[in-house]
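Note that the chains are named A, B, C and D in the order they appear, and that numbering of residues resets to 1 at the start of each chain.
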Amino acid sequence: MPRDLSVEIASHRDLGGGNHLLEVEAAPLARETAPGQFFMIGFPGADTLLRRPFSVCGLPGTFDGSSRSAVHVLYKVVGRGTEHLASRKPGSPLSILGPLGRGFDLELGAGTEALLVAGGIGSAPFPALAAALGARGIRCTLLYGARSASDLPLLDWFRARAPEVIVTTEDGSAGTRGLVTDPLRERLARGGNVRILACGPNPMLREVAAIAREASVPCEVSLEARMACGFGVCLGCVVPTRRGEGGETAYERVCVEGPVMPAEKLAW
Amino acid sequence: MVTPDLSVRLGSLRLRNPVLTASGTFGYGLEFLPFLSLEEIGGIVVKGLSPKPRKGNPPERIVETPSGMLNAIGLQNVGVDAFLAEKLPELRRHDTAVVANVFGETIPEYVEVCAKLDAAEGIAAIELNVSCPNVEAGGMAFGADAASLARVTRACRDATRLPLWVKLSPNVTDIRETARAAEAEGADAVSLVNTYVGMVVDVERRRPVLANGCGGLSGPAIRPLAVWATWQVSRAVAIPVVGMGGIASGRDAVEFLLAGASAVQVGTASFVHPDASVRIAREIGSWLAGHGLASVREIVGTLRTGKEERR
Amino acid sequence: MVTPDLSVRLGSLRLRNPVLTASGTFGYGLEFLPFLSLEEIGGIVVKGLSPKPRKGNPPERIVETPSGMLNAIGLQNVGVDAFLAEKLPELRRHDTAVVANVFGETIPEYVEVCAKLDAAEGIAAIELNVSCPNVEAGGMAFGADAASLARVTRACRDATRLPLWVKLSPNVTDIRETARAAEAEGADAVSLVNTYVGMVVDVERRRPVLANGCGGLSGPAIRPLAVWATWQVSRAVAIPVVGMGGIASGRDAVEFLLAGASAVQVGTASFVHPDASVRIAREIGSWLAGHGLASVREIVGTLRTGKEERR
Amino acid sequence: MPRDLSVEIASHRDLGGGNHLLEVEAAPLARETAPGQFFMIGFPGADTLLRRPFSVCGLPGTFDGSSRSAVHVLYKVVGRGTEHLASRKPGSPLSILGPLGRGFDLELGAGTEALLVAGGIGSAPFPALAAALGARGIRCTLLYGARSASDLPLLDWFRARAPEVIVTTEDGSAGTRGLVTDPLRERLARGGNVRILACGPNPMLREVAAIAREASVPCEVSLEARMACGFGVCLGCVVPTRRGEGGETAYERVCVEGPVMPAEKLAW
């Protein structure tokens, strides 16, 4: 059940490239949030009206040294809200509503390998996810693509924790030059019992979904959408989906029926 | 300090307190149960109901603006039948006034929904949405001039004995004219304001952000405009006025009450703080108590402009 | 990167760049000399001029609102004669377009001011303020319906050969109608928007904060409404459109240009940052350069809504 | 000539009772500002649109230990803007426009005694003023009234610097119980070559002006008014004044023709 909490920033780390790791203490969220779910975060006194949606990045145990009530959010400065957030020091008040939405399916079945496909800041939900899958004995490979080396936040964390990390950058400044879909195609060509869990900009997700469909590999994507409420009442965040086989489309809410959705359901 | 009496009357309808939630910002009410108890507010106005389910507009549907937001949801809703079959029975288990917001593309569609609601159990009032800026047919077309507003009001009046509220569009030269037309055709109350038409441009794509092109502006940005509209209308009609537009605190609500609203609706604020409506009701109580007032009814319409003598 | 050409044409009038300052927010221009050089903006629109000096409304005259402000100055001004005798000669020493904003309580008063300006040296254009919400006579009364707007436009048209702009009120059901009336009666351009009528209540005193009761809303809060109005009007008339309402950055200005404005005015933003107009002009230049565009004229009116085909 | 500067908070001291002393480094303002003049201060990123007017409280030399480019502002939290300001830590950015307006007349003539009459936070301009008058060899007496003991910011500073300080509070928690106009009346009854310089809420100023007129003592008051621009162009901040003897009234701008005005000019 979602709650609306007033919290303080416990720690705030600048990771470079505009990326920041934010920690708050919020026991109910630490207890109840599942990987892939998100929070609506409000900045009291800022010149933003609506809250902003952010995925849970870390839960207790994800990052070393954090407490049993800690939750982490990884975010990138892209506009007024995130710019304001970045200026807030530890001790500053935030309002946080969550957990919200539908997370990743963690019941992958024994022997399934999880391919986590991240585009830049789209890696945000993956630490908590990789930790949860790891705890279930599921092997995870991270395919991590970005524009440039500075757009790969938490790469060291992933390298230390995931069995395999494949990096691509558009400018070649880290890993292989190219798009994250290149190694994805290669990996799928090798076959095996795999499943894709992807998060990143919508055009990337669309491409990943197409590749998955072609390879007949199950694929979940974590979507982004402008949100006013985050809990299902404004109907602002919808995506077109297909209901049943008939292919009749409807609009479903990213904040309730998502943000994680089976790729084949989407009618982009 | 005595606890002030917050109850208000809108014609034959008595509300526990003057705070309702605005249509389209409170779902069907049930979504808010994790955050508040429906017994703590005066009532809820549900998302606009049409004869058939509506799919709504394609995304993008919303965009933030300075102290406000634009929306062009396009009245996505389950339709009146599903509302009556699935949502209302649930809602009836809570002791709160349920106001049904009604939308049609034609007058017969409005009438059809009103008649179905009339036959149901547990509806406190009907609010006609003749002011939605986000649909091509119906909506604001009916609310933009007094003559068509009169026609739709009369047709619905004849279709139901439930209290009938008409929700006015602020996108007009003189909102008092449409208010008077609603009153003349038998409306029991007018509610205002619906949203103001606006547009945000995505300068990179050279397109409006919203797929619909324009959308309706709500939130604190419009509050001064809505207070003015409320004041204008409350002096032009004798029926009760329900005020709204950017209310985010008890103090904001008191502005509307002073300006002549017998009750208020809270919209966009519920997105930001799901329990905003309950908090606002409490804050009105504290404000009255702090001013030694025994009842909220004592302040309704007591604004003075200092120009009374001159008029 | 080539420096983009920022110059624009409004009929016969050429401006160095598309940024003007809005009437009532830039005094007579001279007050800004500590902060900027008038040569860096396209032009200035001076405070509304009436035949005689006007004292204006009693205080309170302004109040802040969410992302906006209300004002009810009541057109305090030195009068057209003092302007011509004392201010204009000073202004003429700066190479910038001086647009005279004109206000009258009656049509003969408008005509009188226009005729005096016509006889003066150094006025680039006249902007008729038929949309001020803060005075009892004249002002918005002329701007609220197409017929009276047509009459005042025609009378002023006959009184001057200077480029004639008509400044439209957004407080109407369909702003395209008043725009078309201005065009039909010989206006060379329309400018929009003037302020939206609103009210803030002082809940302690149970009075409006403003002595005038209501006031006009300006600032970022109204920007989405003003962009929409600009887009509507620019498709309804063939004469140039000057857009304004809440512009605070080059990006904001580009929204108006895309929506069809050939030039923009900066109002409230100059109160917050006296050099806002100059910064905005520069930011438009950077935006164009960043997009590889050679001239600001390439983007005017290039907004696409995706509904073009359907219409 | 006023300038629009971007500065950082150099120091920020909570004085209790909602009162705060703010210090910024701004050499041009330190050089050019006169006592009684004011600044328009903006809070980047806050949910306030307009800047807020604040009097200069301290100039170099007013407070011990401040640098030659320091200016101080004394303010009280009363609404959204001041609340936001109070939450800003040293290093936070501010925009500051000034010096603005007309300050106090410092040419009092030898032997004149200055009666500074302050109502609560209305004492804000008086440290800089008292320092300047002191440097000119003018004797100052501070009559300092407030609701309660916590509403007398910088009282210790005044006690250390002014030859005489008379305190009144409405609740009697400091000094004599009563209004500041009581000791003012007493002092004027004693006669002498005095001049009143007053700052506080408008009702207090009106009363002070009436007392001064009755006693035929020259009186300057520093007015408050809602301001949008602070530099004379919005015409939002006017007060009714009398021009010439005829008594014809006009509206004059508090931000340009004031904030300090001769009391006899005002047509309240």
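The rule is short, and it goes like this: a residue touches a chain if its C-beta (ideal position, glycine included) is under 8 Å from a C-beta of that chain, and two chains touch if they have at least 3 such contacts.
If you're wondering where the values come from, they're calculated on a predicted model, not measured in any experiment.
Asks: In contact with chain A and with chain B at once: which chains are those? Just list them.
Replies: none
Asks: Among all other chains, pick the one whose mean CA position is farthest from the mean CA position of chain C.
Replies: So the chain farthest away from chain C turns out to be A.
Asks: For chain A and chain D, let me know how many angstrom lie between their CA-based centres, rounded off.
Replies: The separation of the two C-alpha centroids amounts to 53 Å.
Asks: Based only on mean CA positions, could you tell me how far chain A sits from chain C in angstrom?
Replies: Inter-chain centre distance comes to 46 Å.
Asks: Once you find the CA centre of chain B and the CA centre of chain C, what distance in Å lies between them?
Replies: 33
Asks: Do you know which chain C residues sit against two or more other chains?
Replies: Counting only residues that touch two or more other chains, chain C contributes 66-68, 219-220.
Asks: At which residue positions does chain D touch at least two other chains?
Replies: Each of 47 in chain D touches at least two other chains.
Asks: Once you draw an edge for every pair of touching chains, what topology comes out, line, ring, star, complete or other?
Replies: Contact pattern: a closed ring, each chain touching exactly two others.
Asks: Okay, in this complex, where on chain B does chain C touch?
Replies: 65-68, 70, 144-145, 171-174, 196-201, 203, 206-208, 211, 213-215, 217, 219-225, 227-228, 231, 246, 251, 254-255, 258-259, 287, 299, 302-307
Asks: Touching chain C in the complex: which residues of chain D?
Replies: Spelled out, the residues of chain D in touch with chain C are 1-4, 42, 47-51, 95, 97, 225-229, 231-240, 250-251.
Asks: Can you list the chain B residues touching chain A in their complex?
Replies: 24-27, 31-32, 34-35, 47, 55-56, 58-64, 66-69, 71, 73, 76, 219-220, 268, 270-275
Asks: Report the residues of chain D in contact with chain A in the complex, numbered from low to high.
Replies: It is residues 45-47, 83-84, 87, 89 of chain D that touch chain A.
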